[in-house]
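The two complexes that follow have subunit A in common; it is paired with subunit B in the first and with subunit C in the second.
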Partner chain A sequence: MEEYQRLSLIDPQRVAKLPTPEKLFLFLSCTGSIEYPGTERAVRIVGEKLGIEFIESVDQTCCTGYMLTCNAVNPQLALASTSRNLSIPQEMGLDVGVFCNGCYGYLRELAHLLHSNPAFKEVGDKANEALGRVKYHGHTKIYHVQELWYRQLEKLTSLVKRPLTGLKIAAHYGCHYLANKDVAIDDAQYPTFHEEIYKALGATSVVYKERRACCGYSVGRGFTHREETVLPHITNKMLSAAAAGVQLMTTTCPGCNTALDREQKTITSRGKHVSIPVIDLSQLIAFALGAPVEQLGFKANTTPVLPVLERFVI
Partner chain B sequence: MLNEGVLVVGGGVAGMQAAIDIAASGKEVVLIDKDKNLGGHVKEYGALFPDLTEGASLVEQKVRIIKNNPKIKVLVGTEVNKLQQVEGALKASFINTGNPQEQIFSAAVISTGFDNFDGKKYGEYGYGRFPGVITGIDFEHQEEAILKRPVKTAVFIKCVGSRDRSKGMPYCSKICCMYTAKQALELKKAQPNAQVYVFYMDIRSNFKNGEEFVRGVMENQHVKYIRGRVGKVIPTNGRLLIRAEDTLMGVPIELEADLVVLATAMVPSQATQSLVTQVGGKLDNNGFILPIPMAESENPMSLTKGVFYAGACGFPCDVKDAMNQGSAAAAGVLSYLQSNRGAAK
Partner chain C sequence: MKREQASNWSLEFENAIATSGLADDISRCISCGKCTGVCPVAAISPSYNPRQIIREVLLGNYERIVKSEEIWRCFWCANCAATCPSEIKYPLLMLYIRYFSMSHGAGKKHVDPFIRFVTKARKEAVTFQPGKPARLDEIRALRSSLGLAPLRIVSDKGIKEYQKLFEITGTDEWLKNYQETPEVPIDLSYLEGRILVQDDSISGSEREA
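After this line comes the complex of A and B, so read on.
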């Protein structure tokens, strides 16, 4: 039995509590839509196959987590933006689906602050009032699409058109989803649900040594540009994946995807050759469900994806 | 009708000590334990701090005294499912070898002990997944085998569960600093060439000779104490890669080990809650017994009228302390019975 399957720490109660909605508000991610537009498309494709219609809004802005993390703004701005952003799906009577761990983490956290502290709520209420919007009441539920896919794993399995037999895939989970310990469906330190999804798609999962290492995005490319700190770290991670025979890596966060995919060029330029395509989990699922390759936006990747996936396209 | 029998629920060291002391004054005691044998957790422990008495021999000694005293009736494999205050007495319902029974007692001692924290809750350490990762309790249970198996490097990780609010346990389990030092010492004695590391947050050796004991383990046995948390345990090349931070040096460190021992927390036992609430007592935020304010109780182990408690059901404590509390609860029971009889006459 594979290592990850022994003693899964997935919380079946939390999984069972997840909805199987017909309609969901799709919260767009800045990094996701700019860096890898194929991700957003893939989310829609998988949603369509599972019977989930995604509604978006041009009024939605950035989740502000970005600026909050690097102290570029004071927290009031983040609170006001979140209150405003979440009042949009509230008005539509929809819950929120996100495809970025960052959006997920920040929306969850800021929404919690908004409905647990009256002073914070007032900041949001004032902003909405000034903009002529309705007040945000804090009842909108926020889900990451990866958990909604896992919730319907059986249905996904039955929809596979391109079984990924023999493809060695490794997971990178990302901190900002799993760190939400009270709501994440799996253990923060030893998650295994992505591996279950790979199995459902017919692929082989690989556990590599640095599987649990951070992507380094925030420290490197994201905000502080400390290349000297982060590059050895990512090099280490990617080389350990290569050593374990990983052919493809998936993420559930465009930030992670950016760091792990784009930096491979830098790593190679410093003399350590590595070439492991990194794509979003939703892209992988959409691919296995038979989505046309040209719709999945693999051209946006720095490390070429098609050499690994092309043999599955009939 | 005044029945002078005393019920002791839980036959660990605290409960056994209470039963022995109460029965020594001639009172009838019924000592009940859900396990097949008396002795609670301690019967499975190796050497106990501070004088390295074997857990099993301590339990044997207590069991011998209990067996030799006809005033103590022992019911093992028995669970008390109801304990209620009824007209100045206590009515207990329990199931003994399939037979439901009821009995009236004039006083009771609750000594339902503790459970061990589930090490699996720390996914990062891989307990239950990676061979070679064990808990301190496993170390005690399999001591002989563990000390025999050759080890190049062993790592002890303290505060696994304790003092971690994210796991819902803000409190210190108190005994882990001492038993970790003791286990490190035993390992060093069995295998002098082994490299032994202890990762700690603080060293809380607040027992008689505790500080000297830990210092001795560091200075004479050359066990290396590193202040910092272990972030991850990663199985690599058949060994366990430890990734941690040395917070005194301010550097991340890595080392490879063959054995990782997690000093897991003591958590409240499930039996405590229902018994305590049935007799009108309260639990604290962590699930241990909430003591009566010191100035309001006649005995330090008082809980409610005629009910006393002892041992780790109140709060994590070491073996010596559990026995002290057992004796204190026995004193409480005896003076309660004395004054109660005075009032009845």
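After this line comes the complex of A and C, so read on.
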């Protein structure tokens, strides 16, 4: 298939407004830490190359968004833990960098609810007070690292050590970044900024029919509706990618990565062969910038990654 | 399995949603159907129809909603919210509807699988940490080889504070109530946008007619 050529709907003003920080609070993702620890490492590697230092805190807990959206806890717990978690970077005077679309979407939405509804704000404030913490004021900004990488695309391009010439890459954007249409830098239905990043890394971007289809795993439907909805959905998506000749797919969410990578084994075992390695966008960038392969944690992947990447390792 | 009764309709349903503070004013819905057009679940299960669900809510037909199998299908991809010209946050509406359904004892089979995650998260302040020692060893080995802490561990202080949140936000109580509420079986589901009457005396062809 030909390289992706279409009108870009990226909002240059929003991109220009993004910071190029020297220090950021790294909000850790539970799924990321457990399923694909290489992502966390890759975020630090790319950050280092761009001059961003990431600070984490052992006091940061789960964002609680997954349990909330599975209706397994009451909304007050999620509001209070958001308020508590965000008070940590606030105390450090840092903005937040997130590498999981789930954490990003939940933090943003819950922070919005905290500040648009006085009753919710009180839940958060009371919680912080009871814990002896300062109130969360809401000035802390929350960024997804993918937008910060795009913000410094020129610098990234100049740092490429392993041009990915000829590699056919396709994007899985994931939903919970783009759905924030008040802040997201690209259009929710026709995003193109990942394709621009692939191009900067020397690769070929591929469009496939189900490109904007979600991973099907959020709010636990992977547990409750796996057979009837989630598997048919992921099968459609991955087969349409295979038909378009995709050699590698990137995500910006460890949850999506788990769904699209791990479920390929099931799809194949049911007679529809598909084998497309799925890695995080930050892992891809770190690889192209010359990070040692063993530092990127590809061992965690179910669908082997090295067969498509090893030819670029000199 | 019966159709809903007139007495089970209530205009207070919409008010309850408005005061929940979760979903915005859904009366702005213009029934354009863009939500349904972009919905990945509707593409696979045509009986699931976000436009219809909003309509039912606005009409006050809470019985249909509470007892419906359909409301548990949403993936929460939020594509509907991203495309809605009336800026309705449908996933948050769905979140509320599911709580509402649970308060009537329905839908527990779709929530039960996650209670074990909550129980574990309450202990560790991290979700999804596996329990099997072999899997934990695998994760430790990989993380250590990447120069990361062997496991993502929240500090004792963090865990204590997280547990305290469960107390002060009423979550412990909420969970206890949830577990004590008896399950009401769901007995309504839609067929291609229409209610499927699960009555064995009606043959399949009549039902389709």
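Just so we're on the same page, the second predicted complex is superposed on the first by the 303 of 314 C-alpha atoms of A that agree within 3 Å, B and C clash if a C-alpha of one lies under 4 Å from a C-alpha of the other, contacts with A are read in each partner's own complex, and residues count from 1 in each chain.
Following the convention adopted for this analysis, contacts are C-beta pairs under 8 Å (C-beta built on N, C-alpha and C of every residue); 3 or more make two chains touch, one makes a residue touch a chain.
Note that the coordinates shown come from a computational prediction; the quantities given were computed from them, not determined experimentally.
Superimposing the complexes on subunit A yields a three-chain arrangement in which subunit B and subunit C clash. By the touch criterion defined above, A:Lys181 reaches both subunit B and subunit C. Of the two partner chains placed by superposition, only subunit B is touched by A:Leu7; subunit C is not.
Using the contact criterion defined above for the overlaid structures, shared-chain residue A:Ala16 touches neither subunit B nor subunit C, since it reaches no partner. Of the two partner chains placed around the shared chain by superposition, subunit B is the only one that A:Lys209 touches, whereas subunit C remains out of contact. One of subunit B and subunit C touches more residues of subunit A, and that partner is C.
By the touch criterion defined above, A:Tyr190 lies against subunit B but remains apart from subunit C after alignment on the C-alpha atoms of chain A. In the superposition on chain A, A:Gln60 makes contact with subunit C only, while subunit B stays out of contact range.
After overlaying the two complexes on the shared chain, residue contacts for A:Ile314 are found with neither subunit B nor subunit C. In the superposition on chain A, the residues of subunit A contacting both subunit B and subunit C are 181, 188-189, 212. Touching subunit A in their complex are the following residues of subunit C: 21-22, 38, 40-41, 43-45, 72-79, 81-83, 91-92, 95, 98-99, 102, 107, 109-111, 113-115, 117-118, 121, 125-130, 139, 142-143, 145-148, 151-155, 157-159, 161-162, 164-166, 168-171, 174-175. On the side of subunit A, the complex with subunit C involves touching residues 28, 30-31, 33-35, 37-38, 40-41, 58-62, 64, 66-77, 79-81, 84, 105, 109, 113, 117, 119-120, 123, 126-127, 130-131, 133, 175-176, 178-179, 181, 188-189, 212-214, 216, 218-221, 223-225, 228-230, 232-233, 294-295, 297, 299-300.
Contacts from subunit B toward subunit A in the complex involve residues 120, 122-126, 128-129, 166, 232, 234-236, 241.
Remark: subunit A residues 3, 6-7, 9, 181, 187-191, 209-210, 212 touch subunit B in the complex.
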